[in-house]
Each structure stands twice: as structure tokens, then as C-alpha cells.
Amino acid sequence: MSKEKLIDVKNLATYFHTEEGTVKAVDGVSFEIYPGETLGVVGESGCGKSVTSLSIMRLIESPPGKIERGEIIFNNKDLTKSTQKDMRKIRGNDISMIFQEPMTSLNPVYTVGDQIMEAILIHKDVNKKQARQEAIDMLTKVGIPLPEQRVDEYPHQLSGGMRQRVMIAMALSCDPQLLIADEPTTALDVTIQAQILELMNGLKDQFGMAIMMITHDLGVIAEVSDRVAVMYAGKIVEYTDVETLYANPKHPYTWGLMHSIPHIEKDVDRLQAIPGSVPNPLDFPQGCKYNTRCPFATDKCREIEPEIEEIEEGHQVACWHVDKLEEAKAKEKKKKEKK
Amino acid sequence: MMSYIARRLLILPVILFGVSLLVFSMLMLIGPYKRLSTYIKSPAELKTANLDTLVDKYGLNDPFYVQYSRWIKGVLQGDFGWSETAGQPVSKAILSRFPATLELALLALIPVIMGGINLGVFSAVHHNDPWDHITRVFSIVGWSIPTFVFGLVVLMIFYGVLGWFPPGRLSVWAEDIIRSGEFIQYTHLNVIDGLLNGNLRVVGDALRHLIAPVISISILWWAYILRITRSSMLETLRKDYIRTARSKGVKEKLVIKKHARKNALIPVVTVAGFMVLGLLGGLVITETIFGYQGLGKFFASAASQLDYAAVLGLALYFGFLLIIINLCVDVSYAIIDPRIRLE
Amino acid sequence: MKKKFGVLLLSFILVFSLASIVGAQEVKKEDTFTYVTIGNQNTLDPHFSYDTGSAEIIYNVYENLIAYQGETVTEFVPLLATEVPSEDNGLIKDDGTTYVFPIREGVEFSNGNPLTPEDVKYSILRGMINDRSGGPIWMLYEPLLGLGSLQGLVTEVIGEDVSPADLSAEQSAEVFAELEKVVEVDGNNVVFHLQEGPYPPFLNILAQGASWGSIIDKEWSIEQGAWDGSPETIADYYDPAKENDPLYAKMMGTGPFMLTEWVNGDHVYLKRNDNYWRKPANFKTVVFKNIDEFSTRKLLLQRGDADMVYVPNQFLSQVEEMDGVTVTKGIPAQQNLSGIMNWEIAIKGNDSVGSGQLDGKGIPSKFFADKDVRMGFINAFNFKAFIEDVRLGNAYQSGGPIVRPLLGTSPDQPVYHQDLEAAEEHFKKAFGGEVWEKGFQLTLLYNTGNTARQAACDILKTYVEGINPKFKIDVRGVQWSSFLDTLLQGKFTIGFIGWLGDFPDPHNWVTPYLASDGTFGGWKGEAYAEWATEHTDPLIAEGIKTVNPKDREEIYKELQTLALEEGTDLWMDQPTGHNVRRDWVKGWYPNAMRPGLDAYILDKK
Amino acid sequence: MEWQEVLLKLIKNKISLFGIGIIIFFVIISISAPWLAPPADPDDPYMIPRAGWSIQPKPPSEDHIFGTSEGQYDIFYGIIWGARTAFRVGLIVVGISTLIGILIGTIAGFYGGVIDEILMRITDVFLSMPFLVAAIVLTTILGKGLDNVMIALVTFGWMGTARLMRSQVLEIKAEEFIQAAEALGANDIRIIMKHVILNTIFPVVINASMRMGSIVITASSLSFLGVGAPTGYADWGQMISFSRNWILGSQGNALQFWYTVLIPGLAITFFCLSWNLVGDAFRDILDPKLQN
């Protein structure tokens, strides 16, 4: 693709310095998003997805968190070097965000209208009345019935799905270039999930924005993403377009995840197929961080950490034993065929 | 909301009835002759006092319900009985002392609420700064010092050593001014009356007498409100909607003032009722230490002399105040929190 | 936010410092006298008042027929009378049963009403009709009618079971006829007829300082709703409840000051009576402040806000070295403290006597009826430590119930001394040796807040327990109500209690302590009553009927010696009084019978 | 969270460790009181021996290292035995009132309806009097004595726990497993014991530990006002009341009697501080909302 990159994250590292030690939540992550596309970021909880997104927004609580190194180039500007004042102009205006918990992400003591209007009043040169009208328009766009009435209601009067629609309305109210959606559907019922994803897909086209879709759910990724970054323990372990990933995963972790794709019909929201658990971020293993759970791990994996490299065009993987995975895939294929 | 207030107001007499019954039954634990001691000031009086006649005269030996209904009948007619300690009818004694206590309580509470909350917010926003550590130490130590210890130390330092803040309510010369006839007592709150009359000397004198008891009584509640606000604010600052607000590009100052503080205040308001309850108790000690003629001191002496009409009257009065204050707390709670208001 | 705090803090400091500066500019007024004391006033009605708090206000507003001269309590000067009756001037007649008081002319009450002999008669009769339960009016009944109260008179005239409150109009008139016999207006004189023979301290009973002898304005009093002067209405005015007493909060006297404001327990304001029949007082305003905290009073004195303050004995040392303050100590006061020994303790339901038997775990009812037990306790008590440490030396040791300088006492009178060997000997003899062998256990009570009584209990405990390890004494502080209750019910073992003199005569001291039906003696049970009927009652009766002071002195000496040698009670001490005032207060002199402040004699210039 | 884990965290936390240290210090003092300050009368060790009868306090000396207060009560003795008094009052009052609160709260919450309404109205009545005021009334009536103080504090000290317990029970009751247990026909007491109490005990325990300090303060306030412990009883509040008349010292030497108020004042402040520190840390550990 030769289009201009909308955002270019280079070697981003965000650490948390706590009393117990340093947590390397994000440790050298690079990716880019082009205008109008959707990048999926997938991984188990605690892998650094959310910290990556909050780093882009520069909303990491500091202390204890700190962006240690790397660049986030957005509109030719390195966001890691921006002042908070500059960031405030970008937040909600150029880059917006929606969060996992619609139930708690809205302020309970203000009406939804007030909260949508707040963003509009900050970023647009309009008066209160116009802002209110825009808020109502936004509510209509996100498919909330009776928007004139809803605009004066408080969050607790709305259902979870409605609240997420309000969040989306709020995020899109200033026509952002990038929308970061951090697990936007996780807390919702399965049927509502589908509706929200559909809405987001629709709005993406309507607003012509890019989306960074953060989720642990490969099913969601499959539905909305153009390209995918798979994260594990603060690093991207595989990075390619969505078709390639599904057809030909190269990293054992991705492969493990594939085996546990929850079908939308089945309400399985945790990835349990991979044995073992995510290592303690205070005490990452030496070498490849996946070595404690990887069926193909060798001594090399336990000693030296693999860097992410492009093994095919548009397909980056960080693994010493891509070949072993291929063997395993072949075996599996044979098994299936026998059946 | 209105129906909620109405319901609470309707239940008020029931609670007050319960309070009076409770206090009355406690007082009935004392034998009639012991209760008679209220009326006997010195052994000399025993020479001519016919104790049995006195017991009959005051009906001290009547059955519980007779004594209680006699009392309650009086109360319904506005007669709370005669206070031996005050040498006045109970209602008059209470009303005449109430402004003093109100003045003290207001001067203690307003800075506590304004200052304590701001300090708590400040401390939470500057989490883990040296300033935060200082306020944390202050809050936990302030909460641990008994009022009477602190009051005595304040008295020792500010009066004994420095001679600044004398005990009592007014100096004798200031009382002269107040009772001179040219000074109009609009509110009976000396500070306000002094201002209204344009007499700054009276204002100054009233303040001088108020400062030490105000400090002693409010240190505890500074610590308390600060602590509650701080932890509530810390909790609120971690809330998702704060992140949402920031992600919208709201200024940090506004995030704290508009989004965080209002939410953080909800638990603070709920404990404010508790604070008033504790404050009423603290008044008893503070007013006693500083010789401040208010309801607290009146109560302490009435209780120690078993002046049961006064004790009953004061208990009812405190109960009444408390319920009204709690009602106000609930209303302001609802004003802040739409989840309560719209229920 | 920091800036706002700074502003807030700064403004607070500003207000406070401003307050301190402005507040410090007080003015010391020469025409105002401020006396800061404790407690409150029970009433302002002179016939109801029986407490010093009330009496000192009444003292400055009302006047009596005569007053004490200077510091003495035995010499008089005329006040509303023009002459002090005596046998020499012929105004005491008929062997001391008739007293004639010529009434001063030209005296006005502060409302302008002239003082007449009728007012004097009304005052006496109103007091006798009022006769409130527990009040002081027995002091009028006893000399005038030989009775204790109006109830006594009604019983005599009408019959046993009639209360004065139930008298019909006719009965009332009948009783009133008897009452009227005692006081009569004769021209410009008022004549008292003592119905039951002479009563030597009668003049003391009427002298200034005795509020029941105050002269009130008949016309004004009737207007206020006090006794209407009719013979038929005794029932309506007998023993009023304090709060219904029309003169409870109102005053109208002939004295140098008038009442302006009374907030009970807080302050009384008096202003000068410019129409006073003598030279008007030096102060325009007299302020009585009631502040119970000593530290506050002390500071008011130190800063000169108070001209005179009440200082409890134990804190005298804190004001003695103060600059600009005069302390007068060692004023003989009409009060004492004694340990009343209960000769026959009510055992039933009494937790002060343990098992109630002489088994080492309690004491029997008549424990203190045994003279050896009493003498054991008395000899064990450390009188020296009590007077030196507890009283800080400001007390005389008692030699019996009568206080100095009254008849029957002398500075070198015999007193008790601690003698632990004697105590041991007495305990060994007590109950035929049983007390020593088995031991005992008892509880001493004191009313809390009274440190002297508590110290007395602790001293007794320390030394008695030291004599024999089988002797056990618990000391327990209880509220005044409970303390009084145990005294009244005869449940106390040794009760430490004091008597405050009503009038300076030994009769007022031997009666409560030694008479079989005395205020204190009456608590000590049948065992004591029997003894007292035989030994003390006749002497007491003789003492009050004897007019010759020499003969009286012998009788009271005998009573004093009897009480001391028999060890009827633990005779302890007579604390002396003291006065603390600023140096600028001039003209002050002590008088043991003055209830408190006499603002008329003072000056600040 | 398991008890062991909670304890471990309490010890790891510097602040609570400081608090625990002070508590242990006071425990040691209380236990070794008979050796630190041998009582004059072993039957009645709580009565402070008097070193004389004089009213004026005497400054620290060799015989009385903390000096003597008004009435020559040895301050050192009072502090040492007063620690026992503080523990006794605190533990007994908090223990009993918490039990009563649990009982009433559980009954009200579990049965609901009329029982709940009645119990809660009674609670309201008790809550309508300021704690200290109510305690003063009752101790005055019952008379001086530590037992009476404890009775009064228990009588007016259970309502907070009852309300807390009730709301906890209501919350738990709404949860499905209780309804399931009911459907299975488990009897009331077993349901209460097994599910409700086990699930609600932690907040109650936090509440109880936070109340230790304030109960001891209230008890000593009563003694300070002269309605609590008997005169001469080893009680910190009373020792401070002995200092009241000496607060202002003498002219030119305002701090002359500092030891009468500061020494017992520090003892009681440190005692309460320790419990508040531990209670605070305890709450931080057990309250998931405050976890980072």
C-alpha cells in the first residue's frame, strides 16, 4: 500500500514503575494505520493492547506509567513529544476513543446530552444550542430512538447497548480521523455485540475514519479488520492482513488463538484453549515470552528473544520456529483428511 | 423525591416518640428518692424537707405510664417541664442556649466542609506528593486525638502560654455592650449581630472566644472529611468516565472539578450526617472544656445532676435536629446524584 | 487551587489577628464591679432561698432589720430598725420573749413605696405561710412558736392529718390567728412575741445575711401574686413549686442595688439604687458571673476582667503569687466537715456492709454503736495530713460539732490526734475481741467531685487497713443523688458531710449533729437515738432556753466534750474561708455570716 | 481473600506495621503491668495508689517517673494499668456490640417485612441520639464504674453494625445461590450461617477494627466528664480529667503541669492511632475498590 500513513507507531515502549518493580507493559511495538482502514489488535488481557492505545492518547497515568521510548507519528507530529495542551486538542477531535465498559464509562451525574455536548463545545466553535442539536443528530446517527428525549436522560436510565451507542456518538461527534475502540463489545450481550459492530462498520464508511479495534476476540477481528496485530506480553508477535492471518498463521500463539475462536453463537469470552497462563509481567521469562506455553519451545527460545521480522511480504512474525508450526499444521491437516 | 421527604417528615414524630420513650425508660431506672436529689441542694434543706411529701408532690412514685403520659401531655402543650440546672423552663433554657451552639457549630462546620473537601481533593490529585503524605498523616493523627485531649492542649497553648483565645463566650465588657439596649440582637449569633450593629469590637471579641473551641471541635472532622474525600476522590479518579472525559480532550482542571469532584462528593455527603451526629457529641466536651454556655455544656451539667426534664428535652431536641439534618443530607445527596433523585 | 488556599488561609489569619487586637482593647470600668463565682441561684425569693448562691444576690438587694457590725458575728448595728434591741435599752422584754424593733422612717423601696411597719409584719408572715418544704423558715417557727414548720402549727391547731395545702378558709383563719400572735405592729414599732420562752440567737436569725429575715414590699408583693395578706388563703400560698413562686425571679428591696437581669447559672446584673436611703453605692453596675471552671475564673482575675473571684481552697496557691491580686486567708467560716458514724446501719439491700455480719466479710448493723470501734477509726485517722495536705493548712481542727469562735469552743480546745497504737488497742477490745480476730469489710462512700471527702475516705482506708490486714475498706465515689440516698436511708457506714451554719450560735451546730432527731443524728438509727435522748437532748434543750451567755457556754462546752470523748462521730475540721480580689478593690473586710459579696462596702477608685 | 494473606499484607504494609507495633507495645505493657507497676492492693490493682493527699500535681521524680497528678495519683501506674483498661473496654464493647449488630442486622435483612420495619425503626430511634450524649445519660443513670460504661457503650454502639449487616444480607440475599438454597429447602438458620454470614463478615470486621479507637475515646471521654471510671481508677480519660484544673499552670509558668495532660494524652492518642492505622490498612487491603 502506498497511501500516506495516518499514524505510525515506531518501537513504542511504555513501562510502569511500581513499588514491586517495573512492568514492561508495552515493550517495543511498531505498527501503522492508514486512513479509512481498520487495524485489529488482538491478544489476551494483560498483553499490552490497552496500554498501547492509551499511550497513543497519552492517557497513561504518570506516575507510575511512562512512555520510555519510541515515536507515535500522527499527522507528521510525534505525539510522544506533544504537550498535554496539544494533546487535548487532538483527543476527542482527531483521535477518539471508546471503551470496554459502557456501564461505567459515562459520568453518572450528567445527562448524556451534556456529555456529548462537552466534546463538541471543546473542539468546535459552536454555541450551546447548536451543540445540543449536534448531539441530537449524533444520537440519531448511532441509532438511538427518540433522541430528543434521550439527550436529557442520565446514563443509568439507558441499557448497556444504548450507552455504548452514546459512547460512539460522543467519540464521533467531532469527526475524528482515528477511532480507538478498546474492546467495545466485550461487556455486551452477543446480539447487541453484532449490532454495535455493524454500526461501527457503517459509521466508518460514513465518516471515512480509521479504526484501531482492540479486542481479545478473533471473531470480532475477522468481522471488522483489514489488518491485524497479535500482541503477547507487551510485544507484537505477528502482524499481517486479516486474510493472511486466518489462512496462514505463522506464530504458535496466533495458531493457539485460532483454535479457540469463539463462535459468535457460542458465548465463550475467554480464550482457554492455550494451556497455562500469561506470565506475570513483573517476572517475564527469559527469551521468547511465549516459551512457557509454546508446544515448540526449545532451549533457544528460552534464551534469546526473537525479533519481529518480515518472513513474507506483508507478514511479520517473531518466532524462531516458524517451520515447526508448519509441520504441526501439516500433521493436523492429515488427521482431518483421514477422518 | 417530594414523597420521600414527606415520608421522612411523617416518620419524624414516631422516631421522636421512640426517643422520648427510650430516654424516659432509662430515667425510670432510678428510684424516686434518688431523683428527688435534684430538688435538694444541701443537707440543710433536709431538716424541713418532707421527702415523702416531695415524692408525692412531683409524682415521682407514680407508675411509669402515668409519669410518661403526664410528661407527654405537657410536651404536646409545649411545656417540656422545669429544668433545675438551668433554673428555667426546659424549652426556654434550650432556646436561649441554642444560638451559642449554632454559632460554634457553624463556624466549625463551614470551614470543615469547604476546607476539608478541597484539601481532600487536592491531596488526591497530588497523590503521593509530599503534600499528600502530610495531609494523610494529619488526617490519621487528627482522627486519633480525642477531642478532650486536643481541647486541653489548645487551651494550654493558646490561652495559658499565649493568652490569645480566652474561654467563655464573650468578655464581660462585650456582654455589657450586648445587653446595653443600644445593641440589637437580631440573630443572637454574636458575630453576625456584631456585624449588623457595626460593632467590630464585639465581633472581634466573639471570634476570639470562638476560635479555640472551633479548632478543638473541628480538627477531628477536618481529618475525617479530608480522609473520606481523599479516598473517594482517588477512587473516582480511577473511574472509567474520568478516562472518557480525558479522551474527549477536557482540561485536567475541569476533569477534576466537573467530572471527579461531583461524583466524589456523593460518599462525602452520606457521611456528613454522621459528622453532625459526632459534632453534637463533641460539643458536650468542647463546651465543657472552654466554659462555653451552649447546649452541650447545659446537657453535661443536666445529665450529671439527673435533671431529667432537661435531659429528656435535650434528647428530643438533639433527635429532632439530627433527623432534620439527615433529611437535608438526603436531599443534597439526591441533588448531586440523579440515580437517587429519579428513583 | 493552591492560590485559593493561600488566600483562604491568609484571610483566616487576618481575621484572627484582627480579632485578637480588637478584642484586647477592653476597658476596665471603675463603676462596674465584677464578681465571678460558681454554681447558680436557686431562686431570688428571700423566703425560698436557702443557698449561698441566692443569698448573696438577696443580700445586695434586700435589707433586714439589723446587720452584723464589721467582722463580728455577735455584735449588731441597726439597719431598717433604728435600734438594736437589747435588755439594756429595754427593747428585749419579758425575760427575753419580746423583741421590739423601731422601724426607720423615710426609707423607700426601689419602686418608691415607703417602708412601713406593716411591710415588716407582712414579710415575716408571708415567709411563715410560704414555708416551703426544705426551706429555711423553720428558723422563724422555732423561736417564735417552738415548732418546726407550718405543718406543725396546723397539726397543733386543726389536727393530725391535715396539710396546710388543704386548709379551708375557716381553718386557715384559725391557724392564721395563731400565726398573727407572734408579730404585731405597734405604732412605728414591730414587736415579736416568742411564744415558747426565750431564744438567745433570735437576733442572729433576723440579721442581714439571713435572707429569710429580708423585708419585702407588701403592696408590690401582692401585685406580683404573692400572699394576698388575707388570713383565709394560707392553702393557696403554702409551699409553692419553685417555678410558680411569684417572687422567683423578681426583686424589690430597700437595699443599695436593684436587679436588672438574671440568667440563671450564667449571670446576675444589678444596678445602683440611686434613691438609696444611705449614701448611694460606689458602683453603677454589679455583675455576678457564674463560671464553674476554675481556670477560666483564674484568667479573668489575672487579666483584671474580674474584680473578685471564688477560688477553691486547693487552688489558692495558683493565685497567691499573682501580681495585683490580694488574697485574704484564714477567715473563720461557719462550716465544718465530719465523718458521721452510723450507729445502726440499715443492712437490708445495702452493698456497703458486705455480708452484714461480723464474719470478716462485712460489718453488722450496730458496728459503730461500739465505742471501741468508733475510737479505733478515730485514732487511726491522720488529722495532721488531712489539714496540712488536703486543706493546705487552711483549717482548724474541730473539737466537736461546734465551730469556732462560737460559745463552747476555744482555740486551745482538746482535739483528736492520730494514735495508731491506741487505735489498735480499741480495735482489739471491740466486740469483745471479735473485730480484731475476724476482721471486717465495709465501703466508704463520698460524693464525686468532692476531693476533700474523697481524701478523707482514702486516708481512713490507708491507716485502718494498715492496722490489721483483715480490715478491708472500699472507697467508692457516687453521685450526689446516690450519696444523699444512702444517707437518707441510713445505709451509709461513715458519711463524710459538712454543715453550713444558718446563724452563728452553737445551737445551730449541736442540733443537727447531736440531737436524736437532728438532721444528721436522725440518720444514725435507733441505737443513736436512744443514747442521744439520754445524754444530749436534755442539754440541747437547756442550752437554747438559757439566756445568760456564761451559763450557755458551760452547757455547750459539756456537749462538745461529750461528743469528743464519746466519739459520737469523727470530728474533723473547720475549713477557714478566704477572699481573692484585685488590689484595686478597696474597703473589703471579712464577715463569716456574709453569704458572699457585699458590693456596698467596696470601692474601686 | 484468605486470613493468612491478609495478615501477610498487613505486616508488609509499613503503615500498618507501625500500628501493629504500637498495639503489641501496649499489649506487652498490659501483660507485664503487675511487674512494671506492682499494685499496692493485689485484690484491686486498678486503683491507682496515692502518694500523698496533696491536691497539687508533682513533677516527674525518681519515685514517680511520670510525676503525680492532682491528688497524688502516680501517673506511671495509671498509664500502665490504664492500657489494660483500654483493651478491656475496647475489646469487650466492640465484641459484644458487633455481635448484637450482626444478630439484629441479619434478622432484619433476612426476614424483611414487618420484622425488618420494626427492627429498623428501633435502630433509627437509637441512632437519633448522638452516641456520646446517649452514653452520658445511661452512665449517669447506672452510676460510675467501668462495667456501666461498657453497658452504655454497647447499648448505643450496635446500630452501625446492624445497618451494615442488613445491607450486606440484602445484597447477598438477592444473589442466586441463596435463592437456590432456599428452593432446595434448606432451613433458615443454616442458610444464614452458611451463606449470608460467611459472605458478609469482612466488611463487619473492618468496621469493628475501625471502631476500636473511637470506642476507647468515647469511654475515656465519659471518664473525662466525670461519669465514667470511678475516681482513682486506672483510666487514661480520668487521668486527663485530673489535669483539668492545672492546664493553665501558674503565672509565668504556663506549662508547669504539662505532664498531667501530655503523658496520658499521648498514651490515648497512640493507642487510638495504632488501631486506626491498622483498620485503615485493613480496609485498603480488603476493599477491592481501592486496589490498584
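Here are a few things to note about the model shown:
For clarity, chains are labelled A, B, C and D in written order, and residue numbers in each chain start from 1.
By our rule, a residue touches a chain if its C-beta (ideal position, glycine included) is under 8 Å from a C-beta of that chain, and two chains touch if they have at least 3 such contacts.
Quick caveat: nothing in here was measured; it's all calculated off a predicted structure.
Counting C-beta pairs in contact across B-C and across C-D shows that the higher total falls to B-C.
Chain centroids computed from C-alpha atoms place B closest to the centre of all protein C-alpha atoms shown. Centre to centre, using the average C-alpha position, subunit B and subunit C are separated by 39 Å.
Centre to centre, using the average C-alpha position, subunit A and subunit D are separated by 52 Å.
If you average the Cα atoms of subunit A and of subunit C, the two centres end up 91 Å apart. Taking each chain's centre as the average of its CA atoms, subunit C and subunit D sit 44 Å apart.
Residue positions 293, 295, 299, 479, 482 of subunit C are each in touch with at least two other chains. The multi-chain contact residues of subunit B, meaning those touching 2 or more other chains, are 30, 155, 159, 304, 306.
Counting only residues that touch two or more partner chains, subunit A has none.
By the document's touch criterion, interfaces exist between A-B, B-C, B-D, C-D. Those residues of subunit B lying in contact with subunit D across their complex are 11, 14-16, 18-19, 21-23, 26-27, 29-30, 140-141, 143-149, 152-153, 155-156, 159-161, 231, 234-235, 277-278, 280-282, 284-285, 288-289, 299-300, 303-304, 306, 311, 314-315, 318-319, 322-323. By the touch criterion stated above, subunit A contacts subunit B in their complex at residues 54, 57, 59, 63, 84, 87-93, 96-97, 99, 101, 104-110, 115, 118-119, 122-123, 154, 156-157, 167, 170-171. Those residues of subunit C that touch subunit B in the complex are listed here as 1-2, 4-5, 8, 12, 15-16, 18-23, 25-27, 29, 32, 34, 40-43, 50-51, 131, 133-138, 148-149, 151, 163, 241-243, 261, 263-267, 269, 285, 287, 289, 291-293, 295-296, 299-300, 303, 305-306, 479-482, 484-485, 487-489, 497-500, 502, 512, 519-520. Interface residues of subunit D facing subunit B in the complex, by the touch rule stated above, are 121-122, 124-134, 136-138, 140-142, 213, 217, 220-221, 224-227, 237, 240, 243-244, 247-249, 254-255, 258, 261-262, 265, 268-270, 272-273, 276-277, 280, 289-290.
By the touch rule above, subunit C contacts subunit D in their complex via residues 293-295, 298-299, 302, 314-315, 317-318, 321-323, 385-386, 389-390, 392, 448-449, 451, 454-455, 458-459, 462, 474-479, 482.
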